[in-house]
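Just so it is clear, A, B, C and D label the chains in written order, and each chain counts residues from 1 on its own.
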Amino acid sequence: MHNFQCDYTEGAHQKIIDALVKTNMEQTCGYGLDEYCDKARAKIQKACGAPHADVHFLVGGTQTNTTVISSVLRPHQGAVCAVQGHIAVHETGAIEATGHKVLGLPCENGKITAEQVKNCFAAHYASETAEHEVQPGMVYISYPTECGTLYTKDELSAIHAVCKEYDVPLFVDGARLGYGLADPNCDMTLPEFAANCDIFYIGGTKCGALFGEAVVIMNEKYGRDFRYLIKRHGGMFAKGRLLGIQFDTLFTDGLYFEITRGAVESALRIRKAFEARGIEFFGRSMTNQQFPILTDAQIEFLSKNSLPEFWCDAESGKKVVRFCTSWATTSESVDTLVNDIANMPV
Amino acid sequence: MHNFQCDYTEGAHQKIIDALVKTNMEQTCGYGLDEYCDKARAKIQKACGAPHADVHFLVGGTQTNTTVISSVLRPHQGAVCAVQGHIAVHETGAIEATGHKVLGLPCENGKITAEQVKNCFAAHYASETAEHEVQPGMVYISYPTECGTLYTKDELSAIHAVCKEYDVPLFVDGARLGYGLADPNCDMTLPEFAANCDIFYIGGTKCGALFGEAVVIMNEKYGRDFRYLIKRHGGMFAKGRLLGIQFDTLFTDGLYFEITRGAVESALRIRKAFEARGIEFFGRSMTNQQFPILTDAQIEFLSKNSLPEFWCDAESGKKVVRFCTSWATTSESVDTLVNDIANMPV
Amino acid sequence: MHNFQCDYTEGAHQKIIDALVKTNMEQTCGYGLDEYCDKARAKIQKACGAPHADVHFLVGGTQTNTTVISSVLRPHQGAVCAVQGHIAVHETGAIEATGHKVLGLPCENGKITAEQVKNCFAAHYASETAEHEVQPGMVYISYPTECGTLYTKDELSAIHAVCKEYDVPLFVDGARLGYGLADPNCDMTLPEFAANCDIFYIGGTKCGALFGEAVVIMNEKYGRDFRYLIKRHGGMFAKGRLLGIQFDTLFTDGLYFEITRGAVESALRIRKAFEARGIEFFGRSMTNQQFPILTDAQIEFLSKNSLPEFWCDAESGKKVVRFCTSWATTSESVDTLVNDIANMPV
Amino acid sequence: MHNFQCDYTEGAHQKIIDALVKTNMEQTCGYGLDEYCDKARAKIQKACGAPHADVHFLVGGTQTNTTVISSVLRPHQGAVCAVQGHIAVHETGAIEATGHKVLGLPCENGKITAEQVKNCFAAHYASETAEHEVQPGMVYISYPTECGTLYTKDELSAIHAVCKEYDVPLFVDGARLGYGLADPNCDMTLPEFAANCDIFYIGGTKCGALFGEAVVIMNEKYGRDFRYLIKRHGGMFAKGRLLGIQFDTLFTDGLYFEITRGAVESALRIRKAFEARGIEFFGRSMTNQQFPILTDAQIEFLSKNSLPEFWCDAESGKKVVRFCTSWATTSESVDTLVNDIANMPV
């Protein structure tokens, strides 16, 4: 059985395993102050074209979102994001747990626009009763979004411009950042992307690491005392070097991009196979997640060999399912699935 | 150079590394619902003599303390603990971040007594202005304590009896639980210990795992919806099976106890060497942490080969330092240190 | 100029002023433990037909909502309410400040239905990833709603039945409760209303008092340690007797109902005047708030003598404004307004 | 029976009652934006010699402390204060409810010193593990303290100097400020006091108002968006003009100081009567609170006519009680008490 349910069904890329095994008996200090973390930080700064960026390593995404968001907001402020944003619906209120409201904007394909963001801020400050409402204090978006879509460089920089106008940070959740940058339609390099964010994170958990997310603080205004905040949120990892070793490996010889490019190629082979059968898709993802809209019979047929994840009901009565690829997806798995797609019932 | 600064300077015990390597390409579901977690849970239940206990795996100690404590307290309640307790001083206010005060009791050797706890509750409820003060809502202790001391079975069960009297849970931080149980003066088995707690956790990070803590909820009153709370605190680990694999390994063939017994034997060899030189100790630890009180010259002498951690200034003008052993401490390291102790200046 | 902008533009009903003046030099203990509070509690219990209800007095609405809601939810739970509910949009995130998400349901005329509530709970518990989402832990509605509409007895008891089914409390914000009960279409007495709530509050600030809200806890499950929670939220009023004196006065000889009935009669005279001119209304309020949809010219004309509050833009290009009456609205003011309505431009 | 238990056993000074009665039927806008609040703000600015200070009115002390403290701290910071400070022990964890630890310093007579404060900050920043501990982010003191003692001008400005050095605000709780300024040993005027604070509040509740506290933000760095924070904490009073009217009255023709001077004179007559009998005192209060140390027989004797409040047990086996005076204390009451003191048993 080939499992396409998500991009974290296996452990880690072999090079990461090798690095962990090789360094296992070395002695280092804890809490991310070791030399492996230093090396990883330097490589990430270089990859982002941002030698002065502040880089921190955390274990998981919800923890990262919570720590970053609560570090930049004042108590009466909220985070503007798509109503379907991860922090809005899939983190059991972790943001509210820090005292902050998530201010949802309607979205299409998971994306919000600079115009929406501008209107949100403008409307707030124009209101005579503004102080009776939560003040928008930052913008949170995901790249790629929950449903695999991308902001173009122009869209991203337009949102960033609104943020600058209102003097609030733009924070980009990059849990699957590598897959976004590997999308054939992506029109940004990592440094171009980074330059359009105040803070973002480079996801490791879903991109080949055992676990780990690298927070990159581009705008020095927002980094003060960040390590206190990591600790306060339970994110100060005792054996911090495990994160350093993994990100050092991912950013050596372009492994991070090699991993995500490979996964996207696999995903697009699958997409093409569906397209060849005239299948329609939910959203327009060209990343490692593909959301075909299938009949129950088709799902049953494919599930004999390949396991997708149920996503949601489609209006047509069909079902949206997700096929997700990763560093661990073998060409054999893709071949099997592609072959089954070719033979599935209409 | 032999580093004795703490018990998490290396990676993980070889058997754990082997297990992670061996299972790396297996596909499992996420978030701790996989079969490795199930197996680990079953083994822990058995080791605790508690077939109905609820077992959950988290990544680190602060996260675990925060999640457990905020899960059992109502908003106006606080956690009673030693003023030097880890949650009181070394977690950057992670407990207060969840809205709860830490109610510190004076302690000797890191321990508080049943009598103190009883007086704290009794005084609160006797106060005419009780509702103007934080209500004690639970008791938190560490086993072993921050300075390596142990509660006896009688002491622990006396505290537990007070908790039952006031209908509040006793939560025991077992970040180094294994080392406590391996103390030659320990008068409890793991099942006996467990039976005297409402909730406790079995530390993995400091006892041979790469990372991970296993929360054991003995009293079913306190476990409701615990997975929601884990998620809300950013502790729901995506590749949860990594925790399952590690604890499965630790609780197979008694590895957990083998590891901690070995470390304590090393520590006691070091202790004996100091005693032979007439050195006094801070506290009375018989666990893997030893706190000799040394002169600057002695510290300098030993530090040529072996690195201790500075703990605090002693009243005498000397310094308290900590020598910490672990699964990774080699007999060669201990030999070197013991030999140096024998030859250090008076 | 007659000000119809809201129902708290003046001080308090003369009988309340008289009572405060009369008792000014009496000495009582503080914090709501005095005999005036006791008397007020007894009268409210009687008026609600609930001799065992727990009654507490707080100063204002946001404080009351925050204290009640955070007293009944566990950390991972949220409050289900209309997306336009007061706690959702007009309290600067006071609920989120206590760590809880407000779970908004779409509403018509400010009301949500038992079916919506049931679906919300059912969908949550049916979800495979429920623990990644905020658990609905209570239901919050307003009676009357923000736009002056009422739940019928059947609607209210249907929502209450769903709450019982899921074992969560129904909390009703009664900031303007008296005006709701005075609506000619209201089909409930206060005891009937109370019997369909777990917790509600009787608004004083907007119904003739200088300030003050009386929380009535009908279901004993939810009242434990409520005074601690009041204090913790800064709501323990030092001279608590001021609240007792006011509510004692309001619930003597039916003053509370006399006040709100009078205000509703004034409001319905205004409504009739608008209807006579063919004016349409936003919502269907028969309480002390009327929301006619007017042209700019009409608003300008009426504003020469009578000040309404701008509410929102209507789809037609016209504007929704609010005319609000209270205990302090004189028949002279109403006469003037009614006369102006008769003469305003088409 | 004459009640000396506290300074809020009656309603309000007659002039305040008169002002409330006189303005009762006036119509104003809500939430503190009316002209009475404007007038009161101007008078307070003038009385403080601070024409640019930001002045806000809140209802009670705990609410004020919570709102101010949470407005100036970042999440990982705590408030340094005396271990017996009001926020540390008598507010049911209201500060912790906003996520912040109270960092208690040992105190004598309720006071902390500049040296202690400096050591606290210096020790924190010198620590290698600073980020594992709560960062001191402000200093909170009371003037007068809980036990009626005062900081001298030099002591206050020395603490303020340390605060400036570490770039944190000094917040002074002035719940009984007027009584402090009326202490015959007070060496500061209100403007001199104000100039040594970043933020303070002028207590109304205990100094002649029905209720109300006026926050004065001297340092413009700390006032941003304060009204949002008031609302978020449930402190935005609907009929805000009630606060404006009261403080306008208190700061007209020096009423505030007349009230507190009178109360202190009464208190000192009582003190003298005790001193004449050789009675010792707890602390050294020369304000409106007197803490004689009495035998049970003496307390019983005095309690026939005059009610004190039990404060705490004295080491000698005697009891510390509190006699508290206010604007409402009549000379007849004082005469009775003084006479009884003269005749009480040895």
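Methods note: a contact is a pair of C-beta atoms (placed from the backbone, for glycine too) under 8 Å apart; a residue touches a chain by one contact, two chains touch by 3 or more.
What you see is a predicted model, and the numbers here were worked out from it, not measured in a lab.
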| item | value |
| --- | --- |
| Of all other chains, the one whose Cα centre sits farthest from subunit A | D |
| Self-contact between copies subunit C and subunit D, residue sets same or different by half | same |
| Between subunit C and subunit D, centroid-to-centroid distance (C-alpha), Å | 34 |
| Between subunit C and subunit A, distance of the C-alpha-averaged centres to the nearest whole Å | 43 |
| Inter-chain centre distance, subunit B versus subunit C - centres from mean C-alpha coordinates, in Å | 50 |
| Multi-partner residues of subunit C (at least 2 other chains) | 75-76, 91-93, 97-99, 131-132, 135, 228, 231-232, 236 |
| Complex contacts: residues of subunit C adjacent to subunit D | 3, 5-6, 8-12, 14, 17, 20-21, 23-30, 59-64, 66-67, 91-94, 97-98, 205-206, 210-211, 228, 231-239, 242, 328 |
| Subunit C to subunit B touching residues, read off their complex | 70-71, 74-76, 98-99, 130-132, 135, 225, 227-229, 231-232, 236 |
| Residues of subunit B defined as touching subunit D within the complex | 75-76, 78, 89-93, 96-102, 129, 131-135 |
